[in-house]
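These are the structures, in structure tokens.
Both of the next two complexes hold chain A, though its partner changes from chain B to chain C.
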Partner chain A sequence: MRLWTIGWIVAVAVVLFFFAAPLYWMVTMAFKPEIYWAFSPPPLFPPQTTSLNFYRGLLVMGGAKGILDSLFIATSNSLISLFFGLLAGYGLSRYLPRSKNLSFFILSQRMLPAVAFAVPFYLLYRSIHLYDSYLGIILVDLTFNLPLAVWMMKNFLDEIPRELDESAQVDGASLFRTLRSVVVPTALPGIVGTGILLFMFSWNEFVLNLFLTIVNVTPLPTLIPKFTGSHNILYGDVSAVALVASIPIIIVVIALQKQLVRALTFGGVK
Partner chain B sequence: MLVMPAIAILLALNLFPLIYDIFLSLVNWQIRFAGSQPTFAGASNFATVVTDPRFYNDVGVTLALIAVVVPVENFLGLGLAMLLSRKIRGSRVIGSIIIMPLALSSAVAGMIWSILLFCSFGPVDSILELLGIWRTCANPLWNYPIQSIMVADIWQWTPFFFLIFLAGLSSLPREPLEAAQVDGASAYQTFRHVTLPMLAPVMGVGVILRMMDVFQTFGVPYILTGGGPGVTSETIALYIYRAGLGFFNLTYAAALALVLLVVVSVLITLFVRIYPGGLAR
Partner chain C sequence: MGDLVLESVSKTLGSTKVLDNLNLEAKDKEFLVILGPSGCGKTTTLRCIAGLEAVDEGRILMDGKEVNNLRAKDRDVAMVFQNYAIYPTMRIKDNIGFPLKVRHVPKQEIDRQVREVAELLRIENLLDRKPGELSGGERQRVALARALIRKPRFFLMDEPLSNLDAKLRMQARTEIKRLQHELGVTTIFVTHDQAEAMAMADRIAVMDKGVIQQVASPLEIYGLPSDAMVAGFVGSPPMNFLDATITRMSNGAIAAKVGEDAFLSPESEGLKEMEGRDVVIGFRPEDTSFNPTPGSSSHNLTAEVYTVEPMGTFTIVTLKSVSLIKALLPLDTKLSVGDKGAIEVKKDRIRVFDKTSGKRIV
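And now, the complex of A and B:
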């Protein structure tokens, strides 16, 4: 029995090491002066620390702009998806309760490979001057976030009994009022959890960003390859940018972990 | 009604590209030369795809990725979720650490692993050398490109499975588990015959989502190996990108994209059909 528990503990420790070690490396790399980047074997702790990587990576190489661009795009997209997803989910949940096929059709839109959209959108955007624009990427990210939002909202709203809306409507509330004052507050945990998921998917989206932005709008996927020069790669700078980019996200994910898990169980135990 | 705006947006955003893709793949259009006009070319683009050895190479790479990465992430995430579903003291902190790779952008994750795996100053090399596993500077990015991509992907996406299994486990009804224990089932038996079947829908959804994402994985291979030495670790999505924005052969890229779309759709439909127990979610 003791051996079993020791085995588990070792396994967990190894796994934790696997997940945490690269993050530790990123942190130390961000503070390492350039001299130590190519040390072989690499030192565990940086012998000296410097903030030059942060300065150069964020301000000179456009890291700050990259992070802000990604943040802006992901947030806008999540909010727009949530808005339309909430409406559509409500419509599906209350007015079309037995529409399995429609729901599945909407969800299946999520499963289309993003690359398939890349070329058409590239050509289209170049003609209508949406190339390399914020609006362009926000719209394109809707292709996979909106279906997910609709589907999740529908499932969450299914959990909320209709009597709640009906009692509000009996009291004379209009549809919009019902939504605003009754439905949304009740479904808020689910909405927040879905929002986090949508944000993460948009934040992670790579191909479409690379295809459709280049200079004006530089989300992280477009920005990071620029740190690779012809003679050297600015490892420290990239790590600094990555570190700064990760902090808000990690804080959000850790703080809202409960909502996230809630969102994935659609409200929890029946 | 309320649903209309969302559906209208979806149709406009999703349907239009597919139609345009179909149009592009059926024409011959040298876009890189200004003023050239599209000329109908029938299925010649598709013929090129089917006879393209690089395409088959990429399909092989992508399939190899899926075959390894999805099961590993699935079972690793499941194991971790089971370990942490019991409320041991540090489980919240440990859970937070496990989730972190998922919060990073693919670009960032790829960059981190390219630093780690780089031969001369990556720690992975030094550690493995210390453990005596391999010789100096074995350069995993060059010699084992596909495996490197697998490791980076597993690192980033196991937390996804961990999350959904954690959620799934926490919403399982207690009665079957208690009944099994009353009947004297061992932990392993309870797991295999009670817990696992109840988790099957969740697992199915996770596997499908991940399978589709790995099929069109682009970020990690792009940053980590750029396609590998030559094209040994090039994925289909990478090829589409190269064909489209590299060679500027947009018609070919459209044809490739459509083929990918068909393959993915067929696979999903098949998978949903044969998945034991169906997908409740």
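And now, the complex of A and C:
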């Protein structure tokens, strides 16, 4: 085998280790009884296993609700962002083709740090009774997901020849029919990939969730710090919750990895 | 019925006036070709007819009715685009049936008509495939099928043959011409290929810089071009042009002086009134011959053979004279580079153009 190939394999193995090691630690910690949590040196394979971490983390500490809340918020927000992002992106692509500056201005809203508008939103939400509500969080996540959705959809739609739309119009299709029957099916890989990215960003959002939720809505990023007590950290419980939470995401990403790669390389996020 | 009239149509894109006071007519069942170089406005004209672009000035009338404010979907036109614009995610049968589906035609009727059109264009075996599995020629026929199924008033075709190889292009040309004749649908066909235009058109409209230069039958466009632009664009190899001055020769005859002591004599009584006028002489390569043993006349247009290109059915000889001149000679021509002689042109085939306006005078 050539030295070059060996070098590549070693490099990939190193990178893989950095990504896989925390996952491995999370999986083993989820099944470790409490006595092994702070063992030194930590065992690579737990001598005993337990399911108590899952029971405590998911049912006692509210991890199951946290997963469901995050799933609901991220899914709803992604779908809304995709819907409006697609329409706005189509408008920019087809009716304002030289709108690079406008597109970038829209995307630039994404660059604002969430903490900059967390407090204003807190005050607003308290006054209009959206504080600690699902609707409130779904709407506020639009502030960072919608600009990204518009930008990415515009770039994907730019890749689709305008002649397809025009052909549909000449064939007798209305604008909505053109979108439904021609544009969306053609752009579907990009739409799916964009949706996955939007889902991931919403799923991982912490600052806005921290400021705008407390009891009724408990998304995972704000729930997990509660596993830290004054005397100890419930490593096993939090690992169990994280493991259960990550399984559907991993399955979706593996199933749709082609679309995700396409979204990252074909759209505006390079 | 399928009468189309464009009345004083103008269109500006950005700061460029793409169409300038365009007037054009296509009669019912006619195959009208819009021919011109790239950027002359022929595709914009087609898009205005289709309703994909709005005109800035003027009117478009279909069967006497103004359609300026009608959307593309309401104009009863079918268009074949240069890259065919076949919907990539639909099967071929769904592509072809799409225009009927949007009009809520019953599914059974759509299936019947799709099969009928597919048989006409010999693409029955492609109906269950996706566009990505088809060759260029097959896609072109699918695009045609999708246009045909509508039974529209007008066919609009935007350089549909330009993406095909030479052999397929010839076949497709014949097929489109035959179909149009059988169906009797008024067709507006855009191309930059003058051979395509000559072969297919009932009439050709030659365009340049947003303006129609001439509308006539192919033979008239070829034999009696209205100006130097039309003359130079139509014909392959293109027409030869020489700057000349209408002069009285030593023997009293009026001729066109093209060189130091070289004359060409167009056959026309009208030359007498043009004595002293600067003009442009044009003559086609097939009307040009080369005489290696010219007579003793000192007024011959002498030349030397520059290149010899055997083309299979004829030979293109480039002659170096006052400028490079091309002649189409028989295949068995025995000329070599460097041979000297005189250029001879059929007198009745010499065209004279005004030097300033380019308009044909003779």
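As a working rule, the second predicted complex is superposed on the first by the 258 of 270 C-alpha atoms of A that agree within 3 Å, B and C clash if a C-alpha of one lies under 4 Å from a C-alpha of the other, contacts with A are read in each partner's own complex, and residues count from 1 in each chain.
Keep this in mind: a contact is a pair of C-beta atoms (placed from the backbone, for glycine too) under 8 Å apart; a residue touches a chain by one contact, two chains touch by 3 or more.
Being a predicted model, the structure only gives us computed values, none of them experimental.
Peer 1: With chain A superposed, do chain B and chain C clash or fit?
Peer 2: fit
Peer 1: Roughly what angle, nearest 10 degrees, sits at the C-alpha centre of chain A between those of chain B and chain C?
Peer 2: 100
Peer 1: Considering only the touch criterion stated at the top, classify A:Ser174 as touching first (chain B), second (chain C), both, or neither.
Peer 2: So A:Ser174 only meets chain C here.
Peer 1: Tell me which partner touches more residues of chain A in the superposed arrangement, chain B or chain C.
Peer 2: Partner touching more chain A residues in the overlay: B.
Peer 1: Now for A:Ile137: first (chain B), second (chain C), both, or neither, which partner does it touch?
Peer 2: The answer is neither, since A:Ile137 touches no partner chain.
Peer 1: Taking the superposition as given, does A:Glu166 touch the first partner, chain B, the second, chain C, both, or neither?
Peer 2: second
Peer 1: Which partner does A:Leu188 contact after superposing on A: first (chain B), second (chain C), both, neither?
Peer 2: In the superposed model, A:Leu188 contacts chain C only, not chain B.
Peer 1: Report, in whole Å, the shortest distance between any C-alpha atom of chain B and any C-alpha atom of chain C after the two complexes are superposed.
Peer 2: Once the two complexes are overlaid, chain B and chain C approach no closer than 17 Å between C-alpha atoms.
Peer 1: Can you pull the chain A residues that chain B and chain C both touch?
Peer 2: none
Peer 1: Mind listing the chain A positions that touch chain B in their complex?
Peer 2: Checking each residue of chain A against chain B gives 8, 11-12, 15-16, 18-23, 25-26, 29, 37-42, 70, 84-85, 87-88, 90-92, 95-96, 106, 109, 111-124, 139-140, 142-143, 146-147, 150, 200, 203-204, 206-207, 210-211, 220-221, 223-225, 227, 235, 238-239, 242, 245-246, 249-250, 252-254, 257, 260-262, 264-265, 268-270.
Peer 1: For the complex, which residues does chain A have touching chain C?
Peer 2: 161, 163-164, 166-174, 177, 181-182, 185-186, 188
Peer 1: Would you mind writing out the residues of chain C in touch with chain A in their complex?
Peer 2: Counting only chain C, the residues touching chain A are 50-52, 71-73, 77-79, 81-83, 85, 87-90, 98-99, 102-103, 146, 150.
Peer 1: Under the touch definition given earlier, write down the residues of chain B that touch chain A in their complex.
Peer 2: That would be residues 1-7, 9-10, 13-14, 16-18, 20-21, 24, 31, 76, 80, 83, 92, 94-108, 110-113, 115-116, 120-123, 126, 155, 158-159, 163-164, 166-168, 170-171, 173, 208, 212, 215-216, 218-219, 222-223, 236-237, 240-241, 244-245, 250, 253-254, 257-258, 260-261, 264-265, 268 of chain B.
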